[in-house]
Structure formats: C-alpha cells, structure tokens
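Here the chain labels run A, B, C and D in written order, and each chain numbers its own residues starting at 1.
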Amino acid sequence: MINLLVCIIVLPALMGIISYFIQCNGIRRTFWLLTAILHFLLSLKAALMAPYLAPTLWIGIDALSTIFLPLSSLLFLMVTLYGIGYVKREPVEQQNDQEIGGLYQNTPESIFTGSLLLFLSAMSLAILSQHLGLQWMAIEATTLSSAPLIYYHRSKTSLEAAWKYLILCSVGIAVALMGIFFIGLALPRGIGDLTLSIILQHSGQVNTKWMEVAFILMLVGYGTKMGLAPLHNWLPDAHSEAPSPVSALLSGALLNCALLGILRIQQINAAAGMASFGQGLMVIFGLLSMGVAGIFLLGQTDYKRMLAYSSVEHMGIITLGFGIGGLGAFGALLHVINHSLIKSPLFMTAGNIHSRFHTKSALKINGLMKVLPASGILWLAGFFAIVGTPPFGSFISEFTILFAGISSKLWWVNGLFGFFLILAFIGMTGVFLKMSFGKTDAPPDKEHSISVLPAGILLLLALVLGIWIPGWLSNIINLAVQMLGNGAG
Amino acid sequence: MHLISWLFPLSALLLAPLLSGIINRVKAYFAGRKGPSILQLYYDLFKLMHKSSVYSRSTSLVIRLAPAVILTCLVLACLILPWGGFPAPVSFAGDFILLIYLLGLARFATVLAALDTGSAFEGMGASREVQFSAVAEPSLLLGFLVLIMHTGSLGLAGIASGITIVDWQIAAPLLVLVAFAWFFIMLAENSRMPVDDPNTHLELTMIHEVMVLDYSSADFALIQYGAALKLWIFGGLLVNLIIPVKFDVVWLQAVTFLGGMFLISLLIGITESITARLKLLNVPKVLVSAGAFSLIALIIKLVESYQ
Amino acid sequence: MNALAVLLILSCLLILGSSRPRVAIQVVAVQGIFLGLLPILRSWEHLTAGIWIVGISGLVFKGILLPWLMQNVLQRTGIQKETAPYVSFGTSLLLGIVLLALSAWIAVNLQLPADASPVLTAMAMFLVLVGLFLMMSRRKAIMQTLAYLVMENGVYALGVSISLEFPYLVELGILLDIFVGVFLMGNLLFHLDRELQHTDVDKMTELSDLQTISSEPGRDA
Amino acid sequence: MELMLLGCLLQILGGLIALAVRDNNKASLTANLSVWLGCALAAIPVISVLSGNSINPVRLEWSLTGSQLVFGLDTLSAFFCLPFLVISPLAAMYGRSYLGNPERRLGSHWLFFNLLVASMLLLLTAQNVIMFIIVWEVMAVSSFFLVMHDHEQEKVRKAGWTYLIATHIGTIALLVFFAILGSETHSLDFGGIIANRKMIVHTGALFVLAIFGFGVKAGFFPLHVWLPEAHPAAPSHVSALMSGVMIKTGIYGILRTITLIGYTDAYLGWALVIIGIISGVTGVVFALAQHDLKRLLAYHSVENIGIITIGIGVGVLGIAWKLPALVFLGFGGGLLHVLNHALFKSLLFLGAGAVSHGTGTLDIELLGGLLKKMRWTAWTFLIGAAAIAGLPPFNGFISEFYIYFAGISGVRAFTPGPIILAAFVMVSLALIGGLAVACFSKAFGIVFLGEARTTKAANVHEADLQMLTPMVILAGLCVLIGLAAPLTVYLVKAPLGTLAGSDGFDFTGIMHHTRTVFGYVALIFGILYIISLVFYLIKKLLPRANQVSTTGTWDCGYAAPTARMQYTASSFAQPLTELFRSLLRTRKTSSRIKGYFPANTEFHTETPDVAKEGIFAPIFRLINNRISPLRQMQHGNLSGYLLYIAITLIVLLIWKAGF
C-alpha cells in the first residue's frame, strides 16, 4: 500500500510541474481542481486504511498523520474551489493599488497554480514522512513552494513579506536541521538512522542532554515556521500580504505541518521519558504566543493582520494544550482541526471583502451584512467560531484545554490563558463588529456561490464538531495522544 | 373586644382634625394672639364640601382620583395603628411595614397629582417631598427595629403593648433616642416647622402645601382631612412609645391615649412656635441624624444583648 | 583536516571584514569546495560510494552552483558594496573572534563522543554563528543571502563533524532545498532591485503594526 | 420533559422558518405561533413539577463529554421557567406589531428571538456542564444580535460591543468555574457533581467565579455596565425579554451553584446581601439621574436584581444560622421577586416601547402629557411603576414584604448576626424603596402627566391592540399577585425543596404564619380598592359635584406660561442626585450668562456610568498603555526579527540545557 501514500505525494507534484507549462487557463484550472479532488479522495482512503498500513521505511501513516492529512487535503480542496474563482477575478494586467500607492502585476497564473500544487505535495510529504530528515526536507520545501505564492501580487509589500518569510523560515529551518543532527548525536553510537521507528526503538538509551539541546533547537526552528512568539514575526506580514486562498492554506494547513515537526520530536521525547521537559517549554511558548497575539490584536485595524495574529494566538493555544499534556493534548489536537476549519474560511471571506472594498483597513469598511450579505454572515459566524463561542467546535477544544490545565492545578497558566483569551476577544470584537454592522450607502452585491460556499462548508463542519465528535475521530485523537505520552505535565 | 377595637379607628377619623386646631391655638398663644377656633378645620372641611370644583386644563383623571386614594391609604393606616395596650382591628406580624408603605402610596399619589398639573411649583414641591421621605423612611424603620428588638414582637400591637413603665426604667436612653428620632420624622412627614411652614405664603418655600395648590372643593377637603389623619397616625406611633402606661380598661386606655395625642399636639405647637425654619438643604442632614439616633440605639441594644 | 577547519574559519573572518559582495561570494565558493572535501577527508580510511556522492554533490552545489547563482544575481542587480552595516567591519571582526571563542567553548562543553572532532564542531558552530551574525548586521539583502549560505555551510559541517549521515536521497533533497531557497532569494533580490530600486533590508519596514493599531481599542466599534 | 424539549425545538424551527420566509408578516406570524405553542408545550411539565410531581429527565447519549446529556426539571428550574413562559409569548406578540413591516427582512430577528427564548428554556433544563455553557452562549449571542437590531445607529453598535465583551468575560469566568468544579468532582453532570461535592476544595474560589460570571449577566454592580447600554439599544420587546427574563438566568446560575456545591457558611450569605445592597442602591440612584426612559428602566433592573440578591443572601444566611424562617422568607422573597420583576419590568419596557413608537423619542425631557392620548399605555405603566416601587397594592410590595419580613424575623434569635442583618435589610430596602418611588414619580409624572413639552409628544398616538394586550395582561398579573398574596407561599415553597430540601428544615410553621400575614395584607389591599372607589363616588354625590369649571393651572400670577416651563425630570431629581453627587459624578455643561437681559442659555447634565468611567475604562486604558510599548516589537525590521530568534535560542540553551 505504500503506493497509495507515494501517490498522495507525487500526484500533486507531477501535476504542479505540468501546470507550469500549461498555457490555457481553462485546462489548467480543471487540472488543478481534479488534482485537489483526487488528492482528497486518496487522503481519505489513506486515512480510512491507516490502521492497516504498516509503517514503512520513510513514509507511513500513523494516528498523527491520519488527523493532519485529510484535514490539509480538505482545506486544499476548498481553497481550490474558492481559488479558481479568485484567480478568475484577479486581473492579469498591471494595476494600481491605492493603499500601497504603487503599481503591481499579479504572478502568472501558471506559476501560481504550479507552486500551489507543489506546496500541497510538500505538505503531504511533511505529514507522511516518518524520517526526520525527510520531514525537514519537506517542511523546507513548503517554505520554498509557498514563497512565490505570497509574492503573488508582486507589489512592494508582498515582496517584502515574501522576503521576510523566506529568510526567517530558512534560518529557522536551518536551526531545526541542527536539532536533527543533535538527535543523531543523542542516539546510541552506530545507529545513525533518523527513521522515526528506529529512533523510537532506541529511545530508552538516548543521551538526555543532547536530546534536550535537540528539542530546543527544533522547537525554535519549527516554532519559527509555526508562528510561535517571539519567532512569529514573518507571520502577520505573510498572511496579510498573500492572496486570500494562500493565506487560508498557510494558516490552516502549513502551520499544522510545522506543528507536526515539533510533535514528532515530542513523541521521541515522550518515548525517552522526557515528556515533561518538552511540555514545560511548550507551555511557555504557548502562553507567550497568546500574549503577544493579544497585544497586537488589541486595537488592530488591519483585518488580515488581525486574522494572522489570531493564528499566532491559536497556535499558542494548541502549543499550550500539548504542553499541558494528557487531556490537554487531546484538546490541542481537536483545536488543530477546529482552527483550520475556522481560520481558512475566515481568510477566504476576508478575500471576498477585500475584492469588494479594496482595502485592508477595517476602519474603512461598514455594513458588511448589507453590502455582502453572504460573506457578512460568514464573517460574523467565523468570528464567533474563532473566539470559541459554543456551539462551535473551538469552544469544546478550548474548554478541554482549560479543563486539563485546571485539573493539573496550573493556576497561573490558567489565569493567563483566560486573560489572554479575553484580550484577544476584545481586540477582535472591535474589528469584526465595526466591519459587519453599521450604516453604509454602498449597494448590496450579489455574490458568487463559489466564493462563499467553500467557507460555508468548512464553518459548518466546525459547527458540527462542536455538537458531535464522531467516535472514530476521538479514537484517533486518543491514539495520537498516547503517542505523545500520557504524562500530564 | 372585637367591636371595641373598631371604635378606636373611628375616633381617629372623628378627632384627627382637632389636632391642627390645638396646634394652631398653641401657636397663637405663643404669638400673643387669640387664634382660630379649635374646630376650625372641621368648618373648613364642611365649607369645602359644598363648593363647586375647578380643575386645571392640564390635568387628567389622575388628580381627580388621587384624593380618594390618598385618603383611603390613610384610613387603612388608621386601621393598623394600635392604641397602647389595645390592638388595632387589623394587626399581624410586620404590619408596620404595610403601614409605612401605605403612607408611601399616599405620597406617590400626592406627588403624581402634583405633577399632573404641569406646574413648576408643584413639581418642585413634589421633588422635595420624595427627597425627604426617601431619607426619612429608613430612619423610621430603624426606630422600629430597635423597638422590635426591645419588645421581641414583630407587630405593632406587640410593640405598643410591650413598652411599659418598666422598660422606660431600664432602657430609657434607647427609647428616648428613638422617640426623638420619630418626633423629628413626624415633623418632616407632616410638613411642620422646622422642615416646612404650613402657614407660609411663598410657593417657592413650600413642600406639602405647594403640591396641593390646584385642588378645590371636595378634593381639597379630602386632602386636608388626609393630612390631619397622617398627623394623627404619626402622633399615635409616638404616643405608643412615650406613654408607657397601659390599661386593660377601655375607657382608661382611651383617655390615656387621647391625652397623649393632646400632649403631642402641644409639643408640636410649641416646637413650631420656638423654632425657625431650616434651610431646605439641611433637612436631609437632620433626617439622617434622626436615623443616626435610631442607629445608635440599635448598637447600644446589640451591645447590651451581647453581654 | 584541522587545517581545513582553520582555513574555513579564516574564510569566515574574511567575509566578516569585507564590504564587497563579490569577495564574499568567492569566499563562500571556496568554503563550499572545502566542505565538499570534508566528508571525503574525514572518512579517508573507509570510503564508501555514498560518501563520495555526498561529498561531490556538496562540492558541486555549495562550491559551484550556488556561488554561480549568486554571481549571476550580483551581475544582474549591479549591487556594489555594503556601505554602512549595522555593525562596522572592524567591530565585526572583533566580534568574530569572540564568536570563535564561544563556539570553541560550546564544542568543548558538548562532551562530544570520541569519534566526533571538537575542532570541526567548533568550526561548524562558528560558521553557524557567523552566518546568523552577518544576517543581523548587514543591510544589503544579498549579504543576507550569503550569510544564509554561510550558516547552511555551518550546519552541513556540523553534520559532518558529528559523523551523521542521512540517506543519500535525503542528503540530496536537503542540498536541493538549499539550492532552490537561494535561487528564490536571488529571484526575489532581483525583484527587490527592480521594484524598490534598492536592496537595503532596513528600508523594508513597510509592514509593521505601528500604523495599523489604533491607540484606543474598541472606540471605533 | 419531552414536551419541553419538543417546545424548544418547535421554537427553533419556527425561527428557521421565519428566516426562510420572504414576507415579513408571515415571518412574524410563524415566529409568534411557534413561541406560543412552544411555551404552551413547555408549560405542561413546568406546572406538573411545581405542583409536586417529579419528572423523569431525558437522557441522551452524547459523544462530546463522554457522558450522557441530561435534560431535567427540578422545582428550582421549573419556578424560573414561569416568568420565561409568561413573558416570552407576550413579548413576541408585542414585537410583531412593534416591528411592523419595515423594508428590511425580519427573518433573522425572529430567528434570534426564538433562539433566545428556546435557549433560555433549555438553559434551565440543562443538567450537564457542557450543555449549560453551550446554551448559555447561544443565549448571549442571540441576544447580542437582537440588541444589534438597529445597528445603523452608532449608539446601538457601541451597546452591542459593550454587551458582547461583558458577556464574554463573564463566560470565561464561568468556563473556569465549571472547569474547576468538574475537575474536582470528576464529573460534568450536575448529578455527578452533587454526588461528589465532598471532594470540592476551592469552594471560595468557585463562589467568587460564579458570582462574577453569573453576576455579569445578572447585572451586579459594578458588572452591570452593559445593562444601561444594551437595554435602551434593543427594540422594546427585546429589552422586556432581556431585562425581565434573561438577566434572571444569572440569578438562576447563582442559585444553581448553591445547590451544586452545597452551602458553605455565612460568608456567602453576607457577600450576597452586601452585593445586593450595593447593586440595589447604586442602581436606583443612577436611575434617578437618567433622562432616557429605557436607560432609567435598565438601571432599575440593577436595583431589582439587588433586591433579589438580598433575598437570596438572607436565605443563605438562614441556612447557615439554621433559621427556617429566614430561609423560607429570604429565598421566597428573592424568588417571588424574580417573577414579579419579570412582570412589571417587562410591562414598563413595553410601555416605554409604546412611548417611543408613538413619539419617536425616549428622552423624558421632551415628553409630557402623554396620558391624555395614550390612556391604556399610561395606566398600565402607572401600575408597573407603582409595582416596581414596591407600593401596595401590587405584586412588588409582596415580594419586598417577604424580604423585610425575613429581615426582622431573625431578630428574635437574639444573636448579633440576624440583628445586624435586619438593620442592613430594612434600611437598604427602605432607602431603595423611597428612591424608587422618587424615580418613578419622575418617570411617570414627567412623561405622562402635565402638558406635552414638544410637538413630538403632542402628536403622539396610542399603541395598537397587539401592543396593548400584553401590557394589559401584565398589569393584570401585577394586580392579581397583589391580591392573591397568601397563595404565593405555595408558589415559592416548591423551589425551596430543591434549594434547601436536603437541610431538613421544617417550613410548615413559617408557611402557615406567612400565609396568615398575607391574608391580612390581601384583605387590606381588597379594602383599599373598594374604599378608594367609595371615596371617589362619594365626591360625585356631594351637593355641587356636577358644577365643574376648568381653568389654567395656578401659575403664581405669571402672564405667559408655556409647556416648556413645567418642572423637568432633571430638576425633579436634582435634590436627590445632589445628595448622591459623589457617587453619580454628573457632568454639567452650561453656557455662561452674560449681560443683564440674557436671551438664550442652556444647561445640560449627563450622568455616565460610574463603573464604566471609574473602573473599566481606566483598566482598559491601563492595559492599553502598558502593552502599547510592547507593540514596538513588530517594528518591521528583519534584522531585529532575526535577533529575536537568536536571543530565544541562546536563552533557552543557557536556561534549559545548562550551557
């Protein structure tokens, strides 16, 4: 069955390369859509067969990947649906951006589509790889394939964002590579293999000190990519400058890949009996990220940046959940899903808003509910979802993390957790309410169903997750939590 | 016994207008005048009953209904008021709260009727009325609390019969404090000097009188009569407190009580003659002081019971 | 081998003290060649085909392809020299010495196993630190790319020094990643030059939250 | 029980249909019908529980909590259902006519309205922590959307913002509260929590969180800041529902907490009494200073919540001191006031709605003389005003009497605690009562009596039948409860079984006693109606009763009086607001008078909320000032960002790995 997994990785890569050379927009878009659908189906199949797929040398699907793979694939499919409409709307010729005050011209669609498919391939590889080196490679590949996507608009600011993204993530990833070397160092002599299963086999005999160094290096390295404060600085720039479908993917899928990198080493840590070392650091980074996000969410007026900071916040929540461990890890994995299901539609909706108003400043937007009724509803629903209002799934996951924290008697952590949630909430409320309501003279727009439907589907899923968590899902999450060690930090 | 207890409210209804007559005579005496007849208010009421009504164009049904409501409240309050050792026709635990709230309803009706005329003067009077009563009520209730603690009874009947000469011997300071507080509240609630001058002629300085400027004929009669009843009720409360002599014999008790009422009207007359009007701004302070008297009594009582 | 390490260290100092990107590219090329030789030299006694592949591919990528790429970018953009770095060249050199001492201390402190070379480790650490430092202290975007290369060289050297070998596929993948990364950086550099008429990193501060945050949160809701 | 859930489902369904229906009239009608029908269905189990039957809870398997989802009704929740079931249909009926048929579609409004009603009912039946919070938030969000109905006005948006943030902060406190509760008892079911309540360690922290979290919704001072913003902003029937009913869920939450955790000691009771007194007094004082009719009413909600809380505090103290009279009368008064306040506050808000519907303004100073044209609105409003001021012969007096009575009935225990309590309760209630009379004299007097101050007020029209019917029904209930006072002891007896059932109190004696007392009270009320009528009729029989002449109001001889010269609401309240000026901090703006014959001058007062201006705004400012320097972090310079990475790495390596 290895072929299935290889297909999942290779298919989009091949299609991506082909897409670079297809000149006809229609054919390429069909290609794109077909790939997305196929990839999603294959991922689903892989996920369903996951327990029966024995781990092979480098690629395999375990409980963690079973959670991440279909999620990313689903997001990609939805982004594809949305994105096809998006690129259709985007003009090819050079145009003037009043906000930045400069001319810009979009990247040719073929490069965009190609990079996007390569990006998908890299993400799939990052999720499926069972070898630390291979995973590193894949995560770096996600950076590389997404940099052109961020630079899609080819404006001054998007160039700046792409540059910062590339440099910071490359540095981070280099640090992570050092971390991988240290894992090799920590393993008993003569092993020299960084396949996950082999490391786990020998986890009893690792050198603790080097393992700690390795963990720190990898946490900082992948943490940069994941957007943990204070390493997150590329994130608001990149997410706000990227075209909306890309932002949706970056936030919903890419960050998860980096998170998976950290989880892998935490898995090793746990197997080596050092789970609490990693957890302590994760609690700190989690809170720090939430705090920093809160600082920038309060009073934020750029709605795309606000969404980006919200991603930082939620990555913080997730990291905190893993740091608490046990039930917290359960909540964190659940939150990974919820965050992806909510943040992506928000970015998509932000895209709709931006193409109607041509501004990123919330101060200049009023009465969304009237002007763009469908997007307005999605925007508000997404708001309530992202701040963890029941019955959206994010509430359940946040409550689980809080519950776990309180059960572990981490009073300070919980206090700060609550405080930061409030900070972020206050910050985001201002922007969302300002935009959604109010008086406006702009005439209402009829929206294309393709630009709102994908977001709607994702949000609906998030809503379902708040009311009903299917048994198989909680089983898989439980399995994944066991992989990360049961110890409550 | 049952029938007899109905006699007392009846006598209140009959004798209440007499109080203002006595007060006015005392004041006249102090001023070196002869003064009006003791029955003057009866004459006035009779005369008003036979006049035709004049209503302001601004008014509505409210001002026509108000006198009836006000008088009803006061009549009902009389039904609750005990006469020393004799319980009122209606007496139950916590009845003093109902008494106070009946007075409150009467005040509400008075104030609304005043506002019904749309006159700035009457509005001003109403405003003052609600201000003073809002401060006076807690003080009055604090006094009750002291008496409840002292007598261990939750109803007016128990309180009234519970205060005996012995109590005045052992707990005089407490009772004096409460009595003093109540006396002042009585003056305030009944628009007497030093809070309000019932004989003033300047609308700007009135409280109660300005609220009833627009009444005429029977309405005014009811209002005047109600005012007399209100004075009677407060007087009665005070008499129950300061005349500790309680008899089982009806006529002895009646005489004692009526004597007490006479005494109270003398006291009011004297007070009115020898004091000057307070600045309106100072009235709340004095009312709060009255509350403070009761509070001091309460604290003393608490400390005592703790020993 | 130790001599190689010393040469690498010296090359770093050269980059630290130089203001011209052209010189830096040449030095990086030399570094790449040395690094390609490193694994071959290190396992001279029992050389396998794998090590040959790793060494040669490293040499080709790091010593030839990447510098060529950078040279190309340099020519296309016509960047001349780093004029006013955040940290002056003299101070940079001085700091370089401090960093060297630091990396030596780290290498000693790591309590490496017997088969790892402390000198090589120290050198690798030094390369990484210098790379990081250069990135922070230089204004020209091209210098940052070069610094990134230096840093990657260091990481590579670290891998060699603690005798860690990846499977060839992964090894090649890593090299390819770096290559593509630098290619992209070069590409962006070109765009930078065209769009902004400069490649100064400190002028790229358009994106920050200093303007987008209103001083009174919520008042505008 | 199934009937109740069915009712709720029906309401939600009705809302959804209303959303889908294009025609406003049909949407309103659908929503109305579903609310009525749902409430009627729900009423069956509620009445059954209150009359002493117990109902089997509905248990559903639910994957989320790993446990069952339990919906049940005990006497406490059934009692709270009563006002919900009465007010919701009436508010819906009123709203149908109040909203009319504007250009915009009303579907979403009705969806949220029905959601609010259904979620409130579900909240009362939820016996699982997760379900409780979910419904709690649904309630908050749907009411938020209802508040935002007129979101084109900036005032409304601001109110919505305040409300959303306040309620969310409260929810977070509740999340922490339930998380602690759940983790210490290892159960997320109310039943399980009660069974394991001995394992609770942090009782104090739990109560603080509960009082904070539920207090935000209930509107305890100083957590009430959203109330005076949100209630005026919402359409009147929504204000009625929110103020009359929704804020009571906060009280329900606190009572539920008490039953979940079991009692602690007297501290909780004292805390509640003090909170109640503070809320009560500040609420009414702030109400006095308001010019906006609905804002004034909103502050009265704070006051009445205060009174309810005093009652509950007395009840808790009664349990702590083992005094059944205090328990019965305290809890009974609090609970009855919950019901009563729902009736008269909804009535008043509906009345205010009729005023704003008829005149287009709620500024008291611009109104006047409405009684002449809005006869029904005015008289029902008057009944509501008298009731809320606690005046006989209406229902407000009854519940306040309970609490007074509770206060004094502990006096005979001859220990200092009850006596101090009695003093607290009596003085505060008397003060609140006196001020409330003042406030409603002002509200009713200035709005409905005298002459119309503006053309707006002069051109007023009476509300239509659909708006009047709910008001008349509510007014009728206010009168009825006043007259049926002795029967209320049976009404409040039922929930006491849940609240204090396990403490082995015998309430027979005090119940009998209370019933007797209220028998007298009701008798007096009856007589009051009759004698008033008699007096009124007697006047008609007088010799010259039929000779009536009309003239102008006595004006002290002034030549040209106008309606503008009437006493204003501000002037009316001025002596009292002056008395409390240190609390109110009223802002006065006036233009200086120049010359000997000044022409136009103006004077304006505004009383902002002291909690908002004095507590929350400074906290906000402080936080913002503290963190704004930190925003320099995102300066845009890449070198700096790299430095962060390096520093993070170095710090971690030194700190954790011991380099």
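In this text, a residue touches a chain if its C-beta (ideal position, glycine included) is under 8 Å from a C-beta of that chain, and two chains touch if they have at least 3 such contacts.
What you see is a predicted model, and the numbers here were worked out from it, not measured in a lab.
Asks: Most C-beta contact pairs, which chains?
Replies: More C-beta pairs are in contact between B-D than between any other chains.
Asks: Measure off the straight-line distance from the CA centroid of chain C to the CA centroid of chain D, and report it in whole Å.
Replies: The computed centroid separation for chain C versus chain D comes out at 67 Å.
Asks: Would you mind pulling out the distance in Å between where the CA atoms of chain A average out and where those of chain C do?
Replies: 28
Asks: When the C-alpha atoms of chain B and chain C are each averaged to a single point, how far apart are the two points in Å?
Replies: Their C-alpha centroids are separated by 97 Å.
Asks: Centroid of chain B to centroid of chain D, CA atoms only: how many Å?
Replies: So the centroids are 35 Å from each other.
Asks: Where in chain C do residues touch two or more of the other chains?
Replies: Counting only residues that touch two or more other chains, chain C contributes 132, 135, 144, 204, 206-207, 209, 213, 215-218, 221.
Asks: Name the residues of chain A that each touch 2 or more other chains.
Replies: 163-164, 167, 171, 209, 236, 296, 298-299, 426, 429-430, 433-434
Asks: Every touching chain pair, please?
Replies: A-C, A-D, B-D, C-D
Asks: Inside the complex, what are the residues of chain C that reach chain D?
Replies: It comes out as residues 86, 106, 109, 132, 135-137, 144, 201-202, 204-210, 213, 215-218, 221.
Asks: If you look only at chain A, which of its residues touch chain C in the complex?
Replies: Its residues touching chain C are 58, 100, 131, 133-134, 136-137, 140-141, 143-144, 147-148, 151, 154, 156-157, 159-164, 166-167, 170-171, 174, 177-178, 181, 184-185, 189, 192, 194, 209-210, 236-237, 240-241, 296, 298-302, 305, 361, 363, 426-427, 429-430, 433-434.
Asks: Which of the residues in chain A come into contact with chain D in the complex?
Replies: Residues 163-164, 167-168, 171-172, 175, 209, 212-213, 216-217, 219-220, 224, 230-231, 233-234, 236, 277, 281, 292, 294-296, 298-299, 367, 369, 384, 387, 389-391, 395-396, 398-399, 402-403, 405-407, 414, 418, 421-423, 425-426, 429-430, 433-434, 437-439, 466-471, 474 of chain A touch chain D in their complex.
Asks: Taking the touch rule as given, give the residues of chain B at its contact with chain D in the complex, in rising order.
Replies: For chain B paired with chain D, touching residues are 49-62, 64-65, 67-69, 71-73, 75-76, 79-80, 90-95, 97-98, 100-102, 104-105, 107-108, 111-112, 114-124, 126-128, 130-131, 133-138, 140-142, 144-145, 148-149, 152, 154, 203, 213-214, 217-219, 222, 284, 291, 295, 298, 301-302, 305-306.
Asks: Enumerate the contact residues on chain D facing chain B in the complex.
Replies: By the definition above, chain D touches chain B via 368-369, 371-372, 382, 386, 389-393, 397, 401, 404-405, 408-409, 411-412, 414, 416, 419-420, 422-423, 426-428, 430-431, 433-435, 437-438, 440-441, 444-446, 449-451, 513, 516-517, 520-521, 523-524, 527-528, 531-536, 539, 542-545, 547-556, 563, 565-567, 571-576, 579.
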